[in-house]
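Okay, got some structures for you below.
Next, two complexes with chain A in common: one pairs it with chain B, the other with chain C.
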Partner chain A sequence: MKLQIVSTAADQQHVALQGRLDSAGVDAVESQFNAAVVARRKPVIVDLTQVEFLSSMGVRMLLSAAKALQRAGVRMVLVASGQVVTTALTHSAIDELIPVAADVDGARALLSSPTR
Partner chain B sequence: MRSVFQRSLRPELPALPAAAAAVREWLAREGVEPQVIHAIDFALEELVTNSIRHALQGRETRAEELGLRVETTLESVELLVDDGGAAFDPTRAAPPAPFVDLASAPVGGRGLDMLRRLTPDVRYERVGERNVTRVRVLRTRAAG
Partner chain C sequence: MDDSNYVDKTITSLPAAPSRAADDAHYLLVLEGRARGERFELTGAHTVGRDAGVSIRLDDPSVSRVHCRVELRGEAVFVIDTGSTNGSFVEGERVRGALELHVGAVLQVGDQLLRHELRSRAEVAREVGLAQDLRKARAYVSALIPGPLNVGALSIEWAYQPCAALGGDLLGYHWLDRARLALYVLDVCGHGVGPAMHSASVLNVLRNQTLPRADFGAPSQVLEQLGRSFPMESHGGMYLTAWYGVLDVTTRKLRYASAGHPPALLLGAGPLQRLHTKNPPLGTIEDRAYREAELQLSAPSRLLVFSDGVFEFERRSQEPASFESFEQFIERERFETPATLQRKLQETAKTGAFDDDFTLLSVALRAGV
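Our next item is the complex of A and B:
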């Protein structure tokens, strides 16, 4: 499991996860993810298009980060396009809580839209 | 035609990735369809993680205490996970309450519900002192 910082700007950042977001993947990446995403307290795009597998432990990591960011008054948007990940997001229902876009342009539009 | 893969697993999370990879590779060699492999992979991850985190928590365990068995036929693939932990029937676990909003959402407790949505055919029995959970996934060709 890898985390890539795609871009960091003053007003928003973009990170990408790659690999299997299962219990082992979460153990490997969660500290780095929280340092890059939660601690910076900026609106963030989390790109999951290179994630091959998403388990409930991965869902827990994403939801925990989104909640922490919301407490800081900022939003997280996910990018997901593959069937494996979109199905896991739907089955866990976190797509009802965290906006999901099919691509990065869509995610930027969601981040700049008024809060629901 | 029937083929069987069997393996014992140390009841520790670091042992799971290699076992899951071995199951995926074996299923691919057996010619099982990718979406069926994914469903079995997901069930294996959720059931083994659940056993290690809950059923086996606080118990003395032996190296061979968690068992995996995967059986393929032309019609289906069945995963069996058995452990010697406290009795726990995943088919009777209450579904999580619907989310209301992000602030009040609990961060965990959705794994078994995700499993039931992806693979509805989940069965459980208590055999002696062991939990035995079976997940059956229809082969794509058989289902389609």
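Our next item is the complex of A and C:
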């Protein structure tokens, strides 16, 4: 499991996760993810298009980060396109708590929209 | 008092410091596979395999009957393959002749992984004591699950296997009145004592119907009030997913709602049907109205309610661990009981074990009863 900081700007940042976001993947990446996403308290796009598998532990990591940012009044938007990941997001109904876009442009639009 | 005498007496009255080396022992700890967590002390020459007569038994088809020998020679441990089908490997190197297994190194026997440990027996004994406490806790949690039910046209069976000593999953059912049966599967995110305590608390609330302002015959109300009662912020960041249904056995009407949980599957005369209502996991959001659905069941039919552990595990094949592949498996494979299904699925697991808790509730309606 890898975390890539795609871009970081004053007003928003863009990170991408790659690999299997299961228990082992979460163990490997969660501290780095929280440092990059939660601690900076900036609107963030989390790209999951290179994530092959999303387990309930991966969902927990994303949800905890989104809720921490939400408490600080900051938005997080996911990008997901693969069937395995989108099914996991739909079944867990996390897409009702964290906005999901099919591509990065869509995520940017969601991030800059006045309301969710 | 003479100082020198005092010092002498003090020193001679102390027991000899225990020699760490004297208390240390060599162990093989199973890291992966069905016997995960089991520890074998090495005292001399041991045979490893799946045969009943070996000294270190690994019940896995990828392991030969007598796969290899592990020998403690002085303070060194050596592995000798005994002509196994799948080979023995030390840190990825195939064993030919005798290969030393250093402390901390991993031995692969078929799909099983075992680590060589040098540890004090006292430390291991403390761990064994802790494991016994966990077994007692596991027995308590298992005792919360009702036994199978076979009444008239209705038959309820289940399979439940936590992946660790304690899991975050639980399941249950109870009669609301003479006709209506409440059915539920819970999954608290994570494993171990914390999630197990959390899921046991929630299950007891359901079993005893102690949720305020909820009609237990109305699945959406039950989930809504459970979410209000167990917010993740005041429960150590833990949230849970759930599937809750109410089956009227006289009319065969099923009301159900799910929250962040995989769909249940209905097997009947037609194609496989997903039973899912889109609601976020419980405890993640406040003041949210939950959706529910209603369905007329036919007979014969079978409802399978389960947690994600039944499909989220690595396969021997390259097949993805997806819900869709699980649906295909259900359609393709014949199974009589949840235990049969569990065994068939377990045979497809890469390590021979599930990565998560395995929880599956089966509710069958027979025709013509």
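Heads up, the rule we're going with is that the second predicted complex is superposed on the first by the 115 of 116 C-alpha atoms of A that agree within 3 Å, B and C clash if a C-alpha of one lies under 4 Å from a C-alpha of the other, contacts with A are read in each partner's own complex, and residues count from 1 in each chain.
The criterion applied here is as follows: a contact is a pair of C-beta atoms (placed from the backbone, for glycine too) under 8 Å apart; a residue touches a chain by one contact, two chains touch by 3 or more.
No experiment lies behind these values; they were computed from the predicted model shown.
Of the two partner chains, chain B is the only one that A:Asp27 touches; chain C does not reach it. When the two structures are aligned on the shared chain, A:Phe53 is found in touch with chain B and with chain C.
When the two structures are aligned on the shared chain, A:Val6 is found in touch with neither chain B nor chain C. Legend: residue contacts after superposition of the two complexes on their common chain; A:Ala109 is shown touching neither chain B nor chain C.
Applying the stated contact rule after C-alpha superposition, one finds that A:Leu97 touches each of chain B and chain C. By the touch criterion defined above, A:Gln70 reaches chain B but does not reach chain C.
By the touch criterion defined above, A:Thr87 lies against chain B and chain C together after alignment on the C-alpha atoms of chain A. Chain A residues 22-23, 53, 55-57, 59-60, 63-64, 67, 84, 87-88, 91-94, 96-97 lie at the interface with chain B in one structure and with chain C in the other. Within the complex formed with chain A, the chain C residues making contact are 187, 189-190, 232, 237, 239, 241, 259-263, 276, 278-281, 284-285, 308, 312, 320-324, 355-356. Interface residues of chain B facing chain A in the complex, by the touch rule stated above, are 13-14, 16-17, 20, 38, 41-42, 45-46, 49, 98-99, 101-103, 105, 107-108, 110-111, 113-114, 117-118.
Those residues of chain A that touch chain C in the shared complex are 22-23, 52-53, 55-57, 59-60, 63-64, 67, 83-84, 87-88, 90-94, 96-97. Those residues of chain A that touch chain B in the shared complex are 22-24, 27, 53, 55-57, 59-60, 63-64, 66-67, 70-71, 84, 87-88, 91-94, 96-98.
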